[in-house]
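Have a look at these structures, which come just after this line.
In what follows, subunit A forms one complex with subunit B and a second complex with subunit C.
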Partner chain A sequence: MSDATYPARRTLEALLAPLLALMAASALFSVFLLVQGQSPLDFLDLTWRGAFGSWFSWQNTLQRAAPLLLTALCVALPGQLGLVVIGGEAAVVLGGLAATVVALPFVQMGPVIVLPVMALAGMAMGGLWIGLTGYLRARLGVNETIASLVLAYIGLAIFNHLVEGVFRDPASLNKPSTYGIGDDNMLGSIPFLEVHPGIPVGIAACILCWVLIYRTSLGFAGRVAGGNTKAAQLQGLPVARLAVGACVLGGACAGLAGGIEVAAEYGRANASLAAGYGYTGILIAFLARFNPLAIVPMAVLLGGLGAAGGLLQRRMGLPDATVQVLQGMILVAILASETFYGRVRWFQPRGAA
Partner chain B sequence: MTSRSGLSRRTVVSTLGLGSFAASSLLPTAPAQAKDTTVGFIYVGPKDDYGYNQAHAEAAAVLKKMPGVKIVEEEKVPETDDVSKTMESMIKLDGASLLFPTSFGYFDPYMLKMAAKYKDVQFRHCGGLWTKDKHPMNTGSYFGYIGMGQYLNGIAAAYATKTKKIGFIAAKPIPQVLINVNSFALGAKSVDPSITTTVIFTGEWSMPVKEAEASNSLADQGIDVITCHVDGPKVIMETAERRGIFACGYHADQHKLAPKGYLTGAEWNWITVYKQFIADAQAGKAPGNFVRGGLAEGFVKMSAYGPGLSAAGRKNVDAVKAEIMKGGFSVFKGPLKDNKGNMVVPAGKALPETAVELESLSYLVEGVKGSTS
Partner chain C sequence: MPALDSIATIAVAMLAGSLRVSTPFLFVSLGECLTEKSGRINLGNEGVLVLGAMVAYAVSFETGNPWVGVLAAAFAGMLLGGLHGVMCSLARVNDVAMGIAIMLAGTGIAFYFGKPYVQPSAPLLPGIPFGFWLESDRFRNALLVSPLFLLGVAAAFGLHWFLRTTRAGLRIRIVGDSQDAALALGLPIDRTRLLATACGSALAGIGGAFLSLCYPGSWNEGLSSGQGLMAVALVVFARWNPINCVYASLLFGAAGALGPSLQTVGFTWGYYLFYAAPYAVTLIVLIATSHGGRSLRGMPGQLSIGR
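And now, the complex of A and B:
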């Protein structure tokens, strides 16, 4: 009656598909390199050394992956409900700005007060911003992809206006910034490992979101709503509220990413926050097929490619765009691998007679 | 592929393979190579942006041909902690002993953090923020006063304009940019006081879409000469050429982008600085900590004149340039009012390009249409 090994086979299928896609992308990219007169073996060797070959390389990789874990959740959570939200960038910068500005009155009280305040403010701001997209979708039927994209431009403009206007520290002449939270209140890297503090937070958030989606009735309701809105409505599920909730939660993750970047790296909000984390998060969420646990390896993979990119430029004289070409090939291959699911009989449920 | 620090399996394997017959020939060259000074250049944008980054990369390309110097470069490194990792990677994996992080936002906190961690590596930053007693001695800054280049651009623009309206596309209303806007306007007014300069701020250092929009909008308003201060002026020059108006360059030579309309341009001449720094490093001295200069010191140069600039215009630009080269020239001379009517430089006062007042300049001079906020 029951198919005992089906869950294991299903997991294997989910692991094999992206792995094969990765190999296909590498093969394609090797051809691209050969056409350029470069050696794919050198490329592989340098990528390995730049991304994972030493503890320094790992630190480099993980640091780049840290904000991506959270910004990918900003896409993956609404994605579970069938919403394609691509405006996480604004949630990151506005979250970082809110975290800084709200924390400023508390800087004398030490990091025990400042850091939680920053986290809450960043999450609230990010949640509000992406929540707005969810609201427009749920109540007014506005396409959430367009809404979030346009709101991202508006958010960045508001950010620039505020940082270069009312919140500007007059001493920051040529790089407009807000006042700083002070070195004493900064979030240090993990002792001994020297790893970006966003890594444990991001991984914890991914695990929590996975539990929420796959192990709670709320998450189940969300997935039902994402799978078939009509059916969910017939079941009496609050589809609109679920959609807004997923957007708020996703936005809160991205806002937290902004807050952590300020607390760990800059100490103040300025244009450095708009580094494209929100956009790379979209890529990762799609690579992970919106599964929060799969976000972790995908973020590390892309973080590693970013980390190795510099070494590739310096040693092989390749332009920065080379890594983008590889990223593009990986994305296309993994998206194409979606069609692999269900094609091979062996992975399918059997003996259900 | 060369690797001197860090052994990988590949290098070990290849060395073993060669070792049996080539060890004797490899050994003598090794110490000579070890004396090479490895210098790292870090750019915030692409090396071929026809702008800020290209100006540095062109100098780096000249250095590459110098003996005893090995240049490593990395482009499109954002002003985030990514740049710390790039610096660290150049130090650890490439053995760099002198680093040039060329973008303004790299300085604080990234370069300062790395300088504290790697005390025997020299860091020189382009932007001009180094302060004695505040910043480590293995760091420093260099920058050029390019305002007078924009002043000369303004003179050239004044000879080319028929509508007496010229335009400036600027990134952000910060002091360095405002000095250029004002210098351009004052240069034009020195020829004809009735000329107005319209300024548009795009808000971003690199935002080609907005830059193209701004160029078109200026051309639509009847403005017939434009210049700019953004990281990559490429799209502005191309748009100006397409609209049939004149353009003055900035950062690097852009005459190829606007063969008909390019009048002249204010360019960086970083090779002057870099050659000095590297000579110091090779002599075992610490390079200068605070290095600045303008046209007269060879830190800045002007592009060759384009066909749109009349003989009279060329003569005037040449004459003022000769005056500047003598030293002691001032663009900001009293009495000078801002565009709201406030007196900003009193009569009888003249600010040289090195004046500290200019470092916090926040106004637009009379004759400039636009607002800083």
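And now, the complex of A and C:
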């Protein structure tokens, strides 16, 4: 007997579990606010207005969401292979630095040359950096979570050393920066909508990664390796190469995010790049359960939460760490909701045993 | 001889620095060691460290007694570690990922409640002047040892004895080494791991108290530099032996003291690179102790990083 509605029920289960977790985290956070005499309804109202209330706040939200789409992919792609890689922050800053420095000799040639060079350099640097984590994991058996985090600290140190050393523009006094790529070469907002140009790039990357993971044999091999390494090895799948490849690809996404931030926002590489996008990407990837298409709404949600932070500080007098408390609660709840899968019989396959 | 003099200065600064920098490493690694012996990993100790630092500083400021602050930090650590323990005892919950969540939640809560304590100065824990008989101020400062460092060394020996000779220690090791054996013996696996995680995080909380009450001895949001996470690598290096954790912590402390020591003689090139020395040591340790997926000597059998 076949079970025709099982795929639909499985999808419903995958939607309901994170939704319940989000509701549980919101309830917990409401209690947290109430204990301190703050109104959760005010919080919700201000968050809504600050994130999605007007076209201006939408722009602010999307501007924050743009790099998050790509940094979440840096966690989700290795995540599909069962690797927890959390060092995306270094790939962002080093990607941004590489994009800037490599593009500097070409600045006279105009944006047609500069922007592709920046994208390639950023992706190569990011891919190299996270790929190193993948290599350590696949070839030497080093734990990828700790290795990626330690490499993130090392990467940030190298970034600071270079930006305040050889690549420093002597004119940047208060905030050490590299030489700029020039206003003419910068990536403008999308016409009419005035939206951050990283948004279409990020969404396209999410769609491409989704196709790669769920619609190609390579992606299938990766998911088999993530589900059961032994089985994948018995099938003769190149588990180590798949792991390194997923890390390189994820790192390339994070490096591209750094390059786009430089091209669209700052025009030069400096400490502004280390804005924590790599760390928020971890949260988004787990919220999306490593599904690239689910990353898009989650990145907009978290981008909105970040965009509303300023309004919350001004109107409710809440410290800027409030958003971080909420994020922590959401992540704890989402991870705990993993235990929900398989517990309710109605969602399980029926029929032939 | 100016060159000889600067070498002496660096050596003294390194000695003093490694005693200071190693103490938080020591407490977090002992806590992590205890938790991992029960077969679970706790990356949330980074959050515990930050929360412990904040709670210790705030309580020391409010009560005027830094030792009450240390106790409060241990208690706060125990609560956060207990949360990790409870969450991880749910089926299918990944302890590595949950640790990251606890880290995020712990630092968020610490920053949230710690905001009002960035400015005021709380009473700090005084050091014990072991160098009172020396003439040079430099050496006397170097031998001003925090009581928490001595407590940490005592805790290392205590934990070693506890794990090796007591009934409870044996039970923790059985639960960590073989879930099947623990089931067959009827040991309460989840409860044992919960207690080991909570007590381990209490130790990590004391490590946080050292950061805010001894060295650097203030509370701000950039206080921890990932010691709670590096502790995981440190425990691997120490082969899950509490006594070895002391030596490993001193090594990591010396690496951490390298940059500031060079600065004392005016050597400022590569400030950020020397600052990253402990991370480089961590990475080298990770690579040197890896055996291509085979399990390591002394490693608890149920540990998820041994996959």
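Methods note: the second predicted complex is superposed on the first by the 352 of 353 C-alpha atoms of A that agree within 3 Å, B and C clash if a C-alpha of one lies under 4 Å from a C-alpha of the other, contacts with A are read in each partner's own complex, and residues count from 1 in each chain.
To be clear about the criterion, a contact is a pair of C-beta atoms (placed from the backbone, for glycine too) under 8 Å apart; a residue touches a chain by one contact, two chains touch by 3 or more.
Keep in mind that what you see is a predicted model, and the values were worked out from it rather than measured.
After superposition on subunit A, the partners subunit B and subunit C are seen to clash. In the superposition on chain A, contact is made by A:Glu338 with subunit C only, not with subunit B. Touch criterion met: A:Pro319 reaches subunit B and subunit C at once. Using the contact criterion defined above for the overlaid structures, shared-chain residue A:Ser217 touches neither subunit B nor subunit C, since it reaches no partner. Using the contact criterion defined above for the overlaid structures, shared-chain residue A:Ser54 touches subunit B, although it does not reach subunit C.
Of the two partner chains placed around the shared chain by superposition, subunit B and subunit C are both touched by A:Glu164. By the document's definition of touching, of the two partners only subunit B reaches A:Ala271; subunit C does not.
According to the touch criterion, the shared surface of subunit A, contacted by subunit B in one complex and subunit C in the other, consists of residues 157, 160, 164, 319-320. Listing the residues of subunit A that touch subunit B in their complex gives 41-42, 45-46, 49-50, 53-54, 56, 59-60, 63-64, 157, 160, 164-165, 173-176, 196, 261, 265-267, 270-272, 275-276, 306-307, 310-311, 313-316, 319-320.
Those residues of subunit C whose C-beta lies close enough to touch subunit A in the complex are 43, 83, 87, 90-94, 96-98, 100-102, 104-109, 111-112, 115, 225-226, 229-230, 232-233, 270-273, 275-276, 279-280, 282-283, 286-287, 290-294, 305.
On the subunit A side of its complex with subunit C, the touching residues are 84, 86, 136, 139-143, 145-147, 149-151, 153-154, 157-158, 160-161, 164, 279, 282-283, 286, 319-322, 324-329, 331-332, 334-336, 338-339, 341-342. Note for the complex: subunit B touches subunit A at residues 1-3, 6, 8, 10, 46-47, 72-82, 85-86, 88-90, 92-94, 104-105, 109, 127, 172-176, 203-204, 359-360, 373.
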